[in-house]
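Next up, some structures in structure tokens.
Next come two complexes built around subunit A: one with subunit B, the other with subunit C.
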Partner chain A sequence: MVPSPTLRAAVLSAALFLAFVLLWQLGIQGGAPAQQMDPEYAKLMGVTATQGKSAMPGPLDVAAKLWEHLKNPFYDRGSNDKGLGIQLAYSIARVGIGYLLAVAVAIPIGFLIGMSPLINRALDPFIQVMKPISPLAWMPLALYTIKDSGLSAIFVIFICSLWPMLINTAFGVASVRREWLDVARTLEVGALRRAFTIILPAAAPTILTGMRISVGIAWLVIVAAEMLVGGTGIGYFVWNEWNNLSITNVITAILVIGLVGMVLDQMLARLTHLVTFPE
Partner chain B sequence: MTRTFTMPPEKFISIEGIAKRFPAPGGGMNVVFDDLWLSMRHGEFTCMIGHSGCGKTTVLNIVAGLDTPSAGAVIVDGQAIEGPSLDRAVIFQSHALLPWRTVLGNVAYAVASKWRKRRANEVRDHARRFIELVGLSGAEHKRPAELSGGMKQRVGIARALSIEPKIMLMDEPFSALDALTRGTLQDEVRRICLTTGQTVFMITHDVDEAIYLADRIVLMTNGPGAVLAEIVDNPLPKERARTEVHRHPLYYAVRNHIIDFLVSRSRSFAADHKGSAYDPRAVPLVRPGLPEPALAAAAPATAPRRAGFETAAS
Partner chain C sequence: MSTFDDPFDSERTLNRSGCSCGRHASVREHDDAARPALQTAAETEDRRFESVVASAVMRAVFPRDATRRAFLRTLGASTAFAAISQFFPLESATEMFAQAAAAPEKKDLKVGFIPITCATPIIMAHPMGFYAKHGLNVEVIKTAGWAVIRDKTLNKEYDAAHMLSPMPLAITLGVGSTAIPYTMPAVENINGQAITLAVKHKDKRDPASWKGFKFAVPFDYSMHNYLLRYYVAEHGIDPDSDIQIRAIPPPEMVANLRADNIDGFLAPDPVNQRAVYDGVGFIHVLSKEIWEGHPCCAFAASKEFVTSMPNTYAALLKAIIEATAFAHSSENRKQIAEAIAPANYLNQPVTVVEQVLTGTFADGLGNVRKVPDRIDFDPFPWESFAVWILTQMRRWGQIKSDVDYGSVARQVFLATDTSKLMREAGLTPPAATSKSFVVMGKPFDPEKPEDYVKSFAIRRV
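For the complex of A and B:
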């Protein structure tokens, strides 16, 4: 009997993972230890030079570190030593606030743009210019005007989440099928009820797709933004551990960033699935 | 001017001199149709038949209020129409169901739109009655995607009937269905319209469908500049059965007349009538297969006092 495609894919995934881990482990096996080194100098150089051991941690080191973080994610021993869970919570909170603000702005404005060709034309040049600006380019301006690094990070998340949602909402609203609008017209449905009962459900899959793109971008940007503003957050954690030369912690954080990003994406994917209608 | 009317001048729906023109790309105007006059009586089933592209759907959309004429007006029940209304239900060719709502949700949406203050359970009960009427009981909670083409159109019919409109407007409602389903749905529409005395205006290009369903069949020539060539008075009795209609002595006379029209005269009408007095307000009424004296002037397309009535396109 041939195993199901899901099982075969899972086996292949596991094999690839094992191969990767194995190569990783082989890759960090260092060369020979240095010969005849002045003991004082050897102390300065550390184990890399004296024993030929690589500074790059192996998969087992990272696994141990990850386990350590998972066992105690919420400890707080001062500003430079907080648990991974606390750092993640800061990042997620910033992304959440900035993203929800962007939702609150992008969807109503997207509705207006989608429903009114005049507003569409009037706002189009602004959107076209603002959209390609790297969100981090706003950071100095935000720091200067807002004068608060935490709020500035939230603003950067807001501005980078805005565009995909705005554009998708406008597109979804503008491309609601003519016949559904005709149904509403023949039933003498008022403008507000039409917006909520015809246009919103019809455009919802497109809007949610925009929201999904946005949450992905927001999670990409928060790491970079926190490296700049410092203090707290997973981005700051990565940079701080780089300064500590703790590659193990950096790799652990990279792994966790990827996992959280995946969870955020899957949440939006579920929501999209809920509002999608088969035709 | 004087004209004698052979029918009571009862005009429940009165299309008065409507035109549809578009600016042509190279300057000038594309005239889809111009100065179209037609009236329909209360409780009458009128079919308009013509080739694709002649503008018959535009006529229906104008009556529905979904489209505005470049000139002329449509009077329904004594009032000039201004846009769509719950009095005129439309059954769309593409059924136009809301795919995110269930069968019950689609019908209930229409019911709740008509009676805004009704409680939710009253709306549901009302909607269920009409779902039952079109034979879809048991499928209330299915979504349109789970239904066959015929069932979807049944929902469209239930939705249109549920708001108890004065007029039903149907735009080739069965053209996307297979022959068997089409037949059953025609039977049901005929049964429902007969029992409720519904006034119906239907667009079709199916000759047999028109003869089976209609009291009068309006023949529209090919565009551009389409006109109503004539109105065929259907000799079949009100009580008719699908399996029996073709045995009626005049059935083939009517059928051949309409097919002749569609095959040749719909194209050559303008040339044939060049110079002769074609009066768009008195479309000739014909009774194919009957001796000449039965021919008479068509139903009054307009009362004389409305002569020359024309409004600017809004």
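For the complex of A and C:
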């Protein structure tokens, strides 16, 4: 009997993972042999210099570190040294606030643009110019005008999540099938009712796709923004460990960032699935 | 001399170039010889404040050191003390300074710092309880870079911050940011920087062979930038056309050096020692070999904070002055290294921080060097330091127009503690105190800054 495709895919995934870890382990092995040094001098030097050990940690080091962080994710040893769980909570809160604000702004405006060709044309040049700006380019301006680094980070999340949602909403609303709108007109449905009972359900999958793209971008940007602003958050954690040249901790943080990003994306994917309809 | 020494000693100069009494080869030797006396002098903190205040007053009354010494020689210290006390109540001024902390207007403060050893007094005051002692609940917050620390301080997210000593000047002048009156009531550290080169340049110890090198400094408005430019220019290298100088935040420097993006840097510690520790660089020269006793980082606050919350400010400054005094004595350095190395503060291996603070360090070339005054801590913000910094800003074109060196220096570097104390005592703050010093064998006269700028062959004006 041939195993199910899911099982086969899982086996292949596991094999790929093992191969990667093996290559990684092999890659960091070796390095220069231990150098002859005056013991007094060697005492003042790090292991990379004295034993020729590679600065790159192995998979086992990372696994141990990850376990150490997961065992105690909520410790708080002062304002600059908090557990991974607390840092993640800060980042997720920032993303959440900035993202929800963007939803609140992008969807109504997107509706307006989608329903009115005039507004669409009028706003188009602005959107086209603002869309490609890297969200981090807003950072100095935000810091200067908002005068608060926490709010600046939220603003950056807001501005980067805005455009994909806005454009997708407008597109979804504009491409609702003419026939459905004509039927509504024949039945003399009011404008508000038309928007909520016909356009919204019809455009929902496109809108949610935009929201899904946005949450991905927001999560990408928060790490960079927190590295710039510092203080708290997973981005600050990465920066702080980079400061200590602790590659093990940086890789650990990268893994965690990836996992959280995946969870966020999957949540939106589920939502999209709920509102999708067969035609 | 150190601000913690006795200003009523006619044998001492109040200026700190070289050994103050002339009997010892170096300041360190001198300090070692004077240590027992110094300890008794600083036995109680009251005594210490008295000596800080007295120092400031004596400097103010006798801007020229020679006059002060002559005065002391003729009268004797105790008569001099009495004479000065007559028209300047030293004791009550000291009391005022000591008592000001009684009721800070604001107890919960935020102070920003960059994780480098220059910030030692600001950082260690937290784990070692100097802030708490003065009734302050200070949160010391690690910050990612100088531009961010500047913006966060301007935003009032931080009440005060660790800055590079040229930054308050630049902020006050509006160079590279909006002009906001800023003050720098205390220098944190003197010396303590170094030029580190990648290990592959082991044989290129002559700066003349550095053409085409890429260097990193922490910030455009930093002593590091000015010292590096000064150093290479003295060796005939034009820092703008022969080499490249970029601003890279200190934490990223070692990674960049390892990745071969840069050939070297003039950076604060522990970055230099960390490069050695990881086997990617070696220490070419310590900054004290360029200018013995140069200032580096500073404790800065906006003029608004100083004037609107004088008691809080006095308490904070006192905590910093005490912490600086504690860090000044070499026997405390090991203990400090252990206190500030953890992840909450510097986030570095203890041995790296210890090598920086104790001055017994590996140089990256296989030698163990012993330079006890590799870094030192002395809070007095000499106005001539500010004037020198301004001349370099002018020299390299950061200040385009003529500048009133003296008045800017006075405004930023001394406008606070000394003047405030003097005004409280009913005296008009006197003219600035300055001192001349020597940078790479070239004397600097703070009275003639414009001539100094023009005396350099390589300059942008």
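Observations
FYI, the second predicted complex is superposed on the first by the 273 of 279 C-alpha atoms of A that agree within 3 Å, B and C clash if a C-alpha of one lies under 4 Å from a C-alpha of the other, contacts with A are read in each partner's own complex, and residues count from 1 in each chain.
One rule holds in what follows: a contact is a pair of C-beta atoms (placed from the backbone, for glycine too) under 8 Å apart; a residue touches a chain by one contact, two chains touch by 3 or more.
As the structure is a computational prediction, the values presented were derived from the model and not from experiment.
With subunit A as the common reference, subunit B sits beside subunit C without any clash.
Of the two partner chains, neither subunit B nor subunit C is touched by A:P73.
Using the contact criterion defined above for the overlaid structures, shared-chain residue A:G216 touches neither subunit B nor subunit C, since it reaches no partner.
Once the two complexes are laid over each other on the shared chain, residue contacts for A:G261 go to neither subunit B nor subunit C. Geometry note, superposition on chain A: angle between subunit B and subunit C about the Cα centre of subunit A is 150 degrees, to the nearest 10. Looking at the shared chain after the overlay, A:G231 reaches subunit C, while subunit B stays out of its contact range.
Contact comparison for subunit A: of subunit B and subunit C, C touches the greater number of residues. When both complexes are overlaid on chain A, the residue A:P201 reaches subunit B alone and has no touch with subunit C. Applying the stated contact rule after C-alpha superposition, one finds that A:G58 touches neither subunit B nor subunit C. Contacts of A:G96 after superposition: neither subunit B nor subunit C is touched.
For the pair subunit B and subunit C, the model built by superposing on chain A gives 51 Å as the shortest CA-CA distance. When the two complexes are laid over each other on chain A, subunit A has no residue in contact with both subunit B and subunit C.
Remark: subunit A residues 37-38, 40-41, 43-46, 48-49, 55, 77-81, 140, 143-144, 147-149, 227-231, 236, 239-245 touch subunit C in the complex. Contact residues on subunit C toward subunit A in their complex (touch as defined above): 115, 139-145, 147-148, 151-152, 154-157, 251-252, 254-255, 258, 274, 276-279, 342-345, 347-349, 351, 355, 360-362, 366-368. Within the complex formed with subunit A, the subunit B residues making contact are 64-66, 83-86, 88-90, 92, 94, 96, 98-100, 109-110, 113-114, 143-145, 163. Those residues of subunit A that touch subunit B in the complex are listed here as 177, 179-180, 182-183, 185-189, 197-198, 201-202, 204, 275, 277-279.
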